[in-house]
Amino acid sequence: MDTQQLMDFVRGPGLQFAAAVFVLGMVYRMLHLILLGRKKNLAEPRGGEWGPGLRTIWHRSIQSVGLTPRGHFIIIVGYVFHFGFLITLLFLSQHIDLLRTLLRFGWPALPPGLITIAAILTIGAMIALLVHRFTDPVKRLISDYQDYLTWTLTFLPLLTGIMLKQGIGLGYQQMLIVHITTVELLLIAIPFTKLAHMLTTFSARWYNGAIAGYKGVKV
Amino acid sequence: MSPPSNNLKDIPIYTQAEEAYSVGNIRALLAEIAARLEKLDENGETGMIDLNSLPFSPGEYEQLRQILGQGEVSARIEAIGPSEIIETHYPGVWWVTHYNVEGDIVADMIEIARLPEIIKSQPEDVHAGLERLKAQLNE
Amino acid sequence: MMDHETLGERLAQQGVSRRAFLKFCTAMASLMALPPGTATAIAEALIKARRPSVIWLSFQECTGCTESLTRSYSPTLESLIFDMISLDYHHTLQAASGTAAEAARETAMKENYGKYLVVVDGSIPIGNPGYGAHGGVSFVDHLQQTVKGAAAIIAVGTCAAFGGIPNAKPNPTGAVSVSDLIKDKPIINISGCPPIPAVITGVLAHYLTFGELPELDELGRPKSFYGQTIHDRCYRRPFYDQGKFAKSFDDEGARNGWCMFELGCKGPTTHNACATTKWNGGTSFPIESGHGCLGCSEPHFWDAGSFYTPLSAPTVNIATIAAGAAVAGAGIAVALGVADRAKKRRAQQAHEKMTVKDL
Amino acid sequence: MSTSLNRGIQAMIEQIDAPMATFFSSCVHCGLCADACLFYTETQDPKYTPIHKLAPMRRVWQQEFTFWGKLLSKLGLSKPVTDAELAEWEPLVYDSCTLCGRCSMVCPVGNDIAYMVRKMREGMVASGHAPDGLKEATRRSIELGSPMGVTINTLKAHIKHAEQETGLVVPLDQEGADYLLVLSSAEIANFSEIIPAVTRIFHQARVSWTMASDGFEATNSGIQIGSSDLAAELVNRIVKAAERLKVKYVISPECGHAYTALRWEGPNLIGRRYPFEVVHIIELLDQLRSAGRLRTEGMDDTRMTFHDPCQMVRRGGVIDQPRNLLNMVAPNFVEMPDAGIQNWCCGGGGGVSANPRADELRLKVFSRKKSQLDAIKVSTVVTSCSNCRSMLEEGLEHNHMDLNVIGLTELIAEHLAPAEK
């Protein structure tokens, strides 16, 4: 298989496979969780579930109360990572091209220079979080192999993406193949690892808010 | 409604004015010319820059011509097509353009030298010319 | 035809001056992307070079490659190149035909055994020999017979180099490239559909000048021409770097000459010299004419999805397969969900009410 | 049948529901919950990280409810949960978690960790890994009627005393009353002032109320130890008494987990809705206040603060009511840092106070409450949970802090305006 065929594979069947696994995995994962169900609450409610549930989905993103410097570090660096990642993913013109073919609509891109800054910040944040995972006693205790695996799988697309964009390392085509391949590996891994939190966090927050809202706790 | 035209010339054509993009090659090129000229000035070292290998945007080439301008010397060679040698506004910087018989550019160079190599008479040609002259004399 | 005088002798006979030859060598050096100062050295070498015998074989091809070479922008140079070689067999160009032509080929092979060059254009069908034959000899056999005594093979055009359009899916003739068949000879691929004529002449000149093939990339192409991508040397590259893209062929961006990545330009993945050598006597090249690069000098360019799909976008339908996957995912979830509930029910049924005695 | 590992695992399987599976799926191991847990902040020992306390149950979920987990355990690549492991986790699940739910408030992915610890305790007790102190308390609750061994006779003695003190009748087993008051044994045993206080307030506000001789204990050790079966039995006593006396409301006393047990868990434990409503005493007092039926006179100039019981705020939704009441009598009331929904636990909730093994740790982590109180320099701490009150008193004494601790109902009763003629 030569470079061109490899390229055709990762843009074609490879992507189809990864996308299929991703969609299948995510639908399965979400539905499987929901189908487990929960008991009907017989206590007299003091408030609704939907309002506080939905509010918590949003509100959990903007609150950071009573944290120590350690907590602030996790929150701030976590923010930089998530925002940087999303900006890089959603606002690089080449990514929009890809999404446009899938969604049939697009949106304006951000200047590449800005994306590069975002990607570098994201990479920096990821490295900082990895170092923190190694050095913080709490994180070291609760981490398992999956934390390092998912870190690597998330890091590689960023790294290869920026190498591709800046012309570092291999030629454009080889780098593009490597970049797309790392993305496909990530897509395949998401549903079956903690990365599934990209969707489950919404239902988790909803449950959290709903449980509190039912009791009339203002969230 | 006018009848459809069958003549190609009837189709209106308008051309877009070519803007000079700032590709950034010109500055780099001028800097290299300056560096080579400095060497020529210091120890007589000559140099050549092949313009064919540089990605010019439309208009940039013309821009370079304007910047370098035309100096005191210009020469023309007729050898399997014409060649044009111009000393630019900067003495020692020559613009050498080789054409084929059909008038297409086959080589385009900036030469930094007191005299471009191609203008000099080649020893073999001198030798052949001498033979011819001798033959003339002996006739 | 089979004379072996040096090029210098031949030029002198024709009355070409040394200055004119130096000019030619300057053009050659420029072609081969060699440092301009090497023109003199090239002249020195070429003048002493003996003209090699060249056999040109055409297989599944459209003659575009030959057209590209013979319509080369510098007929004078081309004629010079043909002066440098002894073209002993070429379907399209030779006067001889039939057995006389084949006899010429065989003579050339015998007299120059181990020294002659074979130029191939077109791919070779191996599905069924009936797809192509010369005088009753299948293309495969013809090629294999002819290259036996060759010093090197030059595969001209994407068909000969990589299989090209005949090799495109579903490849009805089983077309393959020269390098798929011949493993024991040096092969130089000059890909492109058609290849840049200057590259063909440049490679011949290089072989004559240095007596060896130029440095090749992993696909067997001369690095001096294929070492960089169209994108690397494209004058529109700054727009790519600034994120300025034409979104359609008639929008403001297209009029401003912005990058055509989003219109499917394959420049970033295509290795060729179009952006600097240009076409039609240095007039322009596809991108300068307002169309993205098709990637014709790369293997399988015909099967790499639409010419108008951006490189970063998929070449295949994702939505349908994703919808199917969603249904499958839902099915699995329901099946496993039912199993989970059964498991919970079993646990509940097995539940023994806890009493203080258990504590 | 006795407790066993298998029974424990089965209990966990029973407990795992969609929210819990979603929470486990969402955890990204960010470690932020540690910052919200006073057992971690005050000891800096990583094993007290809230999500870590659930590690064995997480594995049960993985092995029983996830595709890969099932596969891995079939292949023998996922080690099963062992008795030794549960024994090792017992102090983490019981001694170092008060079910305060502060971690549930900070988890960025929204995991309700306290919800999960509560469920995990079901498996712990079923597998025989509950602390002896809690087992004893539960046994006393079931067998004697109260975790502290308070009997109806003890209560009757206090009632008699209150009647003498107030000159009012303390109604017992009065059918047809609107409200049934239940008390926590800590109140009866240690803070019996509550009985005359309530009697006087209800008299002034003309509340029709009663107590029940067969359902006076509000605390529920079953909830704390994590046995729904035993918790249901305890809740049922109150439900039966309320139904016998045909009351419209049951008043949950100043006790955090009793409120959770009666108000939120009770109907789910007995599997049916109540024919009455449950109202917390502070909720009721605030209702009376806004209806103009609760009138006070005089002010207490002392600089005082309010300690929010976790089960009242984060887990109960009663936040503004105590402040409304305090505003009636306490002009120098100040909030402590992190007051309200984010308040720090006293350290003794969720059964920790009934577990002597945890005493040392509990007093150590009281340093959080100490620094909160030090920051605002108050002389009185008001609260609305008798367990918090005991823990505060103990903690203050341990730290040689001279602060007065008082229940909110008592504070109101002290300032009650004379009854209208």
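General remarks:
All chains are identified by letter, namely A, B, C and D, in their written order; residue positions are counted from 1 within each chain.
Please note the rule applied: contacts are C-beta pairs under 8 Å (C-beta built on N, C-alpha and C of every residue); 3 or more make two chains touch, one makes a residue touch a chain.
Since we're looking at a predicted model, the values are computed, not measured.
Compare each chain's C-alpha centroid with the centroid of every protein C-alpha atom shown, and the nearest one belongs to A.
The interface with the greater number of C-beta contacts, when B-C is set against C-D, is B-C. Among the remaining chains, the Cα-based centre furthest from that of chain D is the centre of B.
Chain C has its Cα centroid 31 Å from the Cα centroid of chain B. Chain C and chain D, compared by their mean Cα positions, are separated by 78 Å. Averaged Cα coordinates give chain A a centre that lies 38 Å from the centre of chain D. Distance between chain A and chain B, defined via averaged C-alpha coordinates, is recorded as 57 Å. Listed for chain B are no residues, as none touches two or more other chains.
Residue positions of chain A touching 2 or more other chains: 29, 35-37. In chain C, 336, 340, 344 are the positions where the chain touches two or more neighbouring chains simultaneously. Applying the touch definition to every pair of chains gives A-C, A-D, B-C, C-D.
Chain contact summary for the complex, chain B toward chain C: residues 16, 19, 21-24, 47-50, 52-58, 60, 77, 79-81, 83, 98, 100-102, 104-109, 111, 117-118, 121-125, 128. Taken together, the chain D residues at the contact with chain A in this complex read 16-19, 21-23, 25-32, 34-36, 40-41, 44, 46-47, 49, 51-52, 65, 67-68, 104-112, 115, 263-268, 271-274, 277-278, 313-319, 337-338, 341-342. By the touch rule above, chain A contacts chain D in their complex via residues 29, 33-39, 41-44, 46-47, 56-57, 60-61, 64-68, 70-71, 74-75, 78, 133, 136-144, 147, 192, 194, 196-197, 200-201, 203-209, 211-212, 215-218.
Looking at the complex, you find that chain C touches chain A at residues 219, 229, 231, 241-243, 245, 261-262, 268-269, 298-301, 303-305, 309-319, 321-322, 324-326, 328-330, 332-334, 336-337, 340-341, 344.
Within the complex formed with chain C, the residues of chain A that make contact are 2-5, 7-8, 11-13, 15-16, 19-32, 35-37, 93-95, 97-98, 100-102, 109-113, 171-173, 176.
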